[in-house]
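Two complexes, one shared chain (subunit A), two partners (subunit B, subunit C).
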Partner chain A sequence: MTWLRHGGIAAFIVRRLLLGVLVLILVSILVFAATQALGDPARAILGRNATPASLDALRTQLHLDQSLLGQYLTWAGGLLHGDLGSSLAAQEPVSKLLGARLLNSSVLVLIAAVVSIPLSIALGSWAALRREKAFDTVTSNLMLVLAALPEFVVAVLLVILFATTVLHVLPAISPISVEQRPWDVPKELILPAATLVIAVAPYVARIMRASMVEVLESDYVEMARLKGLPERTVLIRHALPNAIGPVFQVIAINLAYLAGGVVVVEYVFNYSGIGSALQDAVLNHDLPVVQALAMLIAGVYVLLNLLADVATILVTPRLRTRL
Partner chain B sequence: MNAFGTPGDDARVGQPDLENGGVFGRISRRQFVVGAAGVAAAGGLSACGGSTDSTSTTGGGSSGTPKPGGDFRLGVTGGGAKDIFDGQNIITKPDQARLVSAFETLLTFDDDYKLTNDGLAEEVTADSPTQYTIKLRKGIEFQNGKSLTADDVVYSLQRIGTEANGLTGFAATASMDVGSIKKLDRYTVQVPLKTADSTIPQTLASYTFGIVPVGYKAYPSPQIGTGPYKLKSFTPGQESVSERNPNYWRSGQPYFDTVTITDFADSTAQVNALLGGQIDAMTDLPASQVTSVKGNGMNALISKTGGWVPLCMAIDMPPFNDNRVRQAMRLIVDREQMIAQIASGYGFVANDLYSPFDEGYDSSLPQRAQDIEQAKSLLSSAGQAGLTVDLHTTNGAAGMVSLATVFAAQAKDAGVTINVKNDPNYYGDSYLKLAFSVDFWGTRGYLNQVQQGSLASSPYNETHWPPTSGDGSNFASLYQQALAATEDAKRIELEHEMQKLEYDNGGYIIPFFGDLIDGYSPKVAGLSPSKGTLNLASFGHGYRTIWFA
Partner chain C sequence: MSQTENPPVVDDGEETISTPPVRSTALVARAMRLWRTRIGAFLVLLLVVVAIVGPFIAPHTATYFAAIPNSPPGGDAGILGTDYLGQDVLSRFLYGGRGILIMAAVSTAIGVFFGVAIGLVAAYARNALDDVLMRSMDVIMAFPQIMLALVAVSLVGAQAWVIIVAIALTTAPRVARVARGAAQPVVERDFVEATESMGVSRFRIITGELLPNILGPMMVESSLRLTYSIGVIAALAFLGLSPDPNGANWGTMIQQNEIALSTQPWGALAPIIAIALLTMGTGLFGDGIARTAAGIDRERGEE
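Right, the complex of A and B next:
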């Protein structure tokens, strides 16, 4: 126990992981309770077609006759063995239902991250260096406008521009079919990924700029400049590491948001990822799928926050030595 | 119906309902039944009231010689992980689109919803009011080369008629003596009935009465029908691919090499895919987008259908247990305004009666129009002046929510306050137990519709019609007489009598019938409007009467 408290960065990670597990257990209970309140999955699946006979047939098929606690424990027990249960609507294992979709969404989020993070850090830093000059004014205002636009609007604008009305150079929708992997159809990824980049980059760039402006005004940067170091070295060796700490947090929150927030983008582009699966599952009161996805997204949040904290600590000597 | 797939701002109505499909016939049932003792084709009967002939297409013609080849890609909303593939059952709209590619019925409806015998049966004959004989067309093979025989028909009908299977068409088999359906010879099947039922031919032409081979099971078992396309791959909620059946029995058809059906969560993506050329046709184009889609070089297929979204008043629950209140409500409605506001003008006025294309539809009853003064006076005489009442609705089908809100606005003029309750769990436990609610229905023949929604034994009786005493209490007995009527004139007379009772005392407010609007690319040829329930003229009649020009 003492190691956990005083074991340096490794103990910190273990501590945070344990906390994460606790969070996930709480999330699973909350989601289970919330979904139960939605009502009868058999009715939700059959909708207006529900006749007493078809309802009974489906309820028996779905084992909805078990007690709530029984249903929850069965599911939680299965989870420990890596078994996510079976979808009530599709009547297939959840892992089979979500496997390909998970890959599709991850690829999209990854592309968005790989493009948007360096881009926004570069934009933000450059704007800070050129503070209150033309580049800064233009990018700052542009970022503000883009940040204010909902993804839905951005997506629709991109489609009108590049796919349906103005130009016809890119596909309007991206339904990754079952036999395909996202990288088989790179053209179909451009618009959804661009939408996500536009959704995320402005926030990160604005934080980066603010953080960099502050650092550039600090005494140690002044000192470095006075020592006659080239501006390049001042920026990359001295300013950037100090400015990027708070940005990690923003990046983590934005990426975590992407993991859950791809819903809108997947909706507009008919992209078969976890976002559209989640929407459909909620509609069908498909408890195992909703839970699996909620756990997954919660897991991503926990992990990304942990990574951001670790990264922040590693670049901030003050925090590093306190552990 | 997928509550998410048809958002409230989607202003078109007339989504087909998703149970047993539309069934009604324009030609006489007896005339149709080839071989039934000779009633000459009278042909002069007015088929329907309203503007039933005003079906129209816009843009692209359907001319030219069909030519083979190509991959037809269709986008359909309303599906999801609960999609199924079954020759006799549907849950979502993509299920409908897929079913008709692989499975066929004994009889069919043409685009005017006349029953025709160009399906799997050569003829269906009423031997007596309580017994039908089905004669199969010879030489038809399933997609695996097995011949279609009487055994398959017996299996198919008994599969639907077994309640535990929970299939869509089960309710329509109520009159059949399912256990006694038997094979007479290799191509002949006898269907004995428990009670007289002149709607059997219509029932057999419903798309959920697909003929499946003996031993058939739903997906994931192999899907082998007699239809023009054989299923190659299927992922619920995503996509299906079907290949041309080279052995198809109608010579020359079908034309496409493959048919790909993709699920869409939303009509925005669907329209974009159509405009961007990633799909060739889409279901349920929002009425508000017809102009813009046409402006982008695409076509809209606009079909007059008998689909309806009623306001339902339970005749045995206050305040609607007083017929004066029901009549007042019916006089509050401005039907033209509703068509304009709810369906962007795509629909035709109704008269609180369903099944407008049925030959028994009584178009001689006076068209009801808005009369606020009369409504007010009826309400005061019933002691209900300044009435306040809850109206329950949900996003179950397009137009259900907007109908409630538009009606609430119109009711204000008569001093009536309508509290609209939009409940996502509407089709839960309270459905059919509400005093005032909104529901949706597809096109059906009159008697088939009565069986579904207007009898004490109906599965979906929102209005609790017929009353147990007073005017209308003889409704069920009239229905039985109509089913047993051997002469068309007699049956139509009985149907008129039934409609008069509903018109004067019933619980439905039916403001209008909505059009079905679908979008398609000009390169698709062979599409023309249909009065049927299914989109895109029964999905291009199972994708076999359309081709790439």
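Right, the complex of A and C next:
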């Protein structure tokens, strides 16, 4: 295993991949154990008046007659083949049930990411360049305050401002019907996406500002300036790549956070996505759906962290040479 | 280690303090020279007083029927009008903060306690135990706070202890990560080795040598975690999952009265303002401590 410790970038990526797989296996065991600990799903589904015969039939259908290890392996094996099991409430494959909702949520998160990441990097860098000036003071304080607000508070405030009490320019709810795709109703996406942007951008912008401030004071930026390079080159070629490294981690954490934040935002706007699916599933004790969503969201988190680690190494000159 | 308070510094932007480990009371005292810390502390204190004293000064009980539903402020309807059931908004507002605050404080305290303990042990161990602990933390962190809380609450029930355990459980790994990061450089320092050679027990080294040196980052992290805990608990109530679904609770009030925003906004607006000011307060307070602890503050005391 020594080559894994001293093998340059390829070994680093392999090491991170193995670690990610290990975390995912542990996550799957945890998800499985947690849903097991919550009692007999067959009884939960059929209720107190179920006959022993119907209970047995359902237990067989759910593979509950196997040993715990057998149940886990059947489930995990299915996951690896992309088989997420069948929803107990809808009697449909989970993948079919979640497909459209997953698309709806992904579109929302993607819009939020595409808007918030460049926006927060630009705001943070600009504030760092204008440190202690009016722009920095105003944005820094605004970001600090916005970062503290819970999403549902932001969401309801946006509804008050743009949809009900003050202005009436945007729809207050965003129900997406089964035949519709999110891009058919762009106006309905604005407020939910804006809520997610406000939930994420301030945090990323603050880290970007702090990181940029540190880099601008460093020796190599001083050196580049002394060499007589134009300020634009200093900023884009020397300062930005070094400053943006730590920010990738924060972006990854925040995008993963969106997967949770979307639950509440979807509820406020009555948006048909995985958040509302999760809510329905937990209320119906629909274990396969809960398990699939938990694995999905955890998988997104592990993947984003992996990408962030690799991106940080690839983009930061001082880390790249250290490998 | 300077355990005494630093000499008074003139707030003219000429601070040359590096990062000496300071006692937490001294840190707070120094942070209080910043306006953002003062404003944050004031907001938190204000909302805590409202939440604690509120039930004693409320004009009616939380479920008192005051006037017809959604009456605007004035007359029988009281200062803030009535909600969707005709209950007095002001009274429900005054009753509605206590539960959220207590649950947020308790769950954050438990989460921070275990997080700091795990982070310190991991940083001090520097061996396989470190890896095992931090990988376990990674596994829990793979679940967003609100998702884990939602699943736990919906399956076990929305009792207070379930919410508290779910939030403590999701807070601990995040704190542990920061605690370990802050403690790692401290473990490498000479005085730790010196203490080890004197035969001091590992428990004493962790609590007596490591812990005092990471108090600054831990206070910052605690206030950040408290901000999130308040947000998640209020959000759960907003989703209809609180120990008493019909009781007065700021999150519940927002959900129940959101529908009447355009006719009688106060039913939802009053609790929204309260939660916003509370989380802003913890956020500002934490930022003030962070700036002071990092010694990077170049701002004037009076902005």
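In this text, the second predicted complex is superposed on the first by the 274 of 323 C-alpha atoms of A that agree within 3 Å, B and C clash if a C-alpha of one lies under 4 Å from a C-alpha of the other, contacts with A are read in each partner's own complex, and residues count from 1 in each chain.
Throughout what follows, a contact is a pair of C-beta atoms (placed from the backbone, for glycine too) under 8 Å apart; a residue touches a chain by one contact, two chains touch by 3 or more.
Just so it is clear, the model here is predicted, and its values are computed rather than measured.
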item	value
Which of subunit B and subunit C A:Val159 touches, first, second, both or neither	both
First, second, both or neither for A:Ala57, with subunit B first and subunit C second	first
Touched partner set for A:Leu30, first subunit B, second subunit C, both or neither	second
Touching partner for A:Tyr267 - first (subunit B), second (subunit C), both, neither	both
Touching partner for A:Val302 - first (subunit B), second (subunit C), both, neither	second
Subunit B versus subunit C as contact partner of A:Asp286, first or second or both or neither	first
Which of subunit B and subunit C A:Met223 touches, first, second, both or neither	neither
Which of subunit B and subunit C A:Ala277 touches, first, second, both or neither	first
Touching both subunit C and subunit B, counted on subunit A across the two superposed complexes	38, 156, 159, 164-165, 267-268, 279, 283
Residues of subunit B touching subunit A in the complex	1-4, 17-19, 80-83, 91, 163-168, 170-171, 233, 235-239, 262, 264-266, 268-270, 272-273, 275-278, 296, 396, 425, 427-428, 440, 459-460
Residues of subunit A defined as touching subunit B within the complex	38-40, 43, 45-51, 53-54, 56-58, 87, 89-90, 92, 97, 156, 159, 163-165, 168, 171-173, 175, 177-179, 267-270, 272, 276-277, 279-281, 283-284, 286, 289
Partner subunit A, residues of subunit C touching it in the complex	36, 135-136, 138-147, 150-151, 154-156, 227, 230-232, 234-235, 238-239, 251, 254, 258, 261-262, 265, 268-269, 272, 275-276, 279-280, 282-284, 287, 298-299, 303
Residues of subunit A that touch subunit C when the two form their complex	19, 22-23, 26-27, 30, 34, 38, 132, 137, 141, 144-145, 147-153, 156-157, 159-160, 164-165, 256-257, 259-261, 263-264, 267-268, 278-279, 282-283, 285, 290, 294, 297-298, 301-302
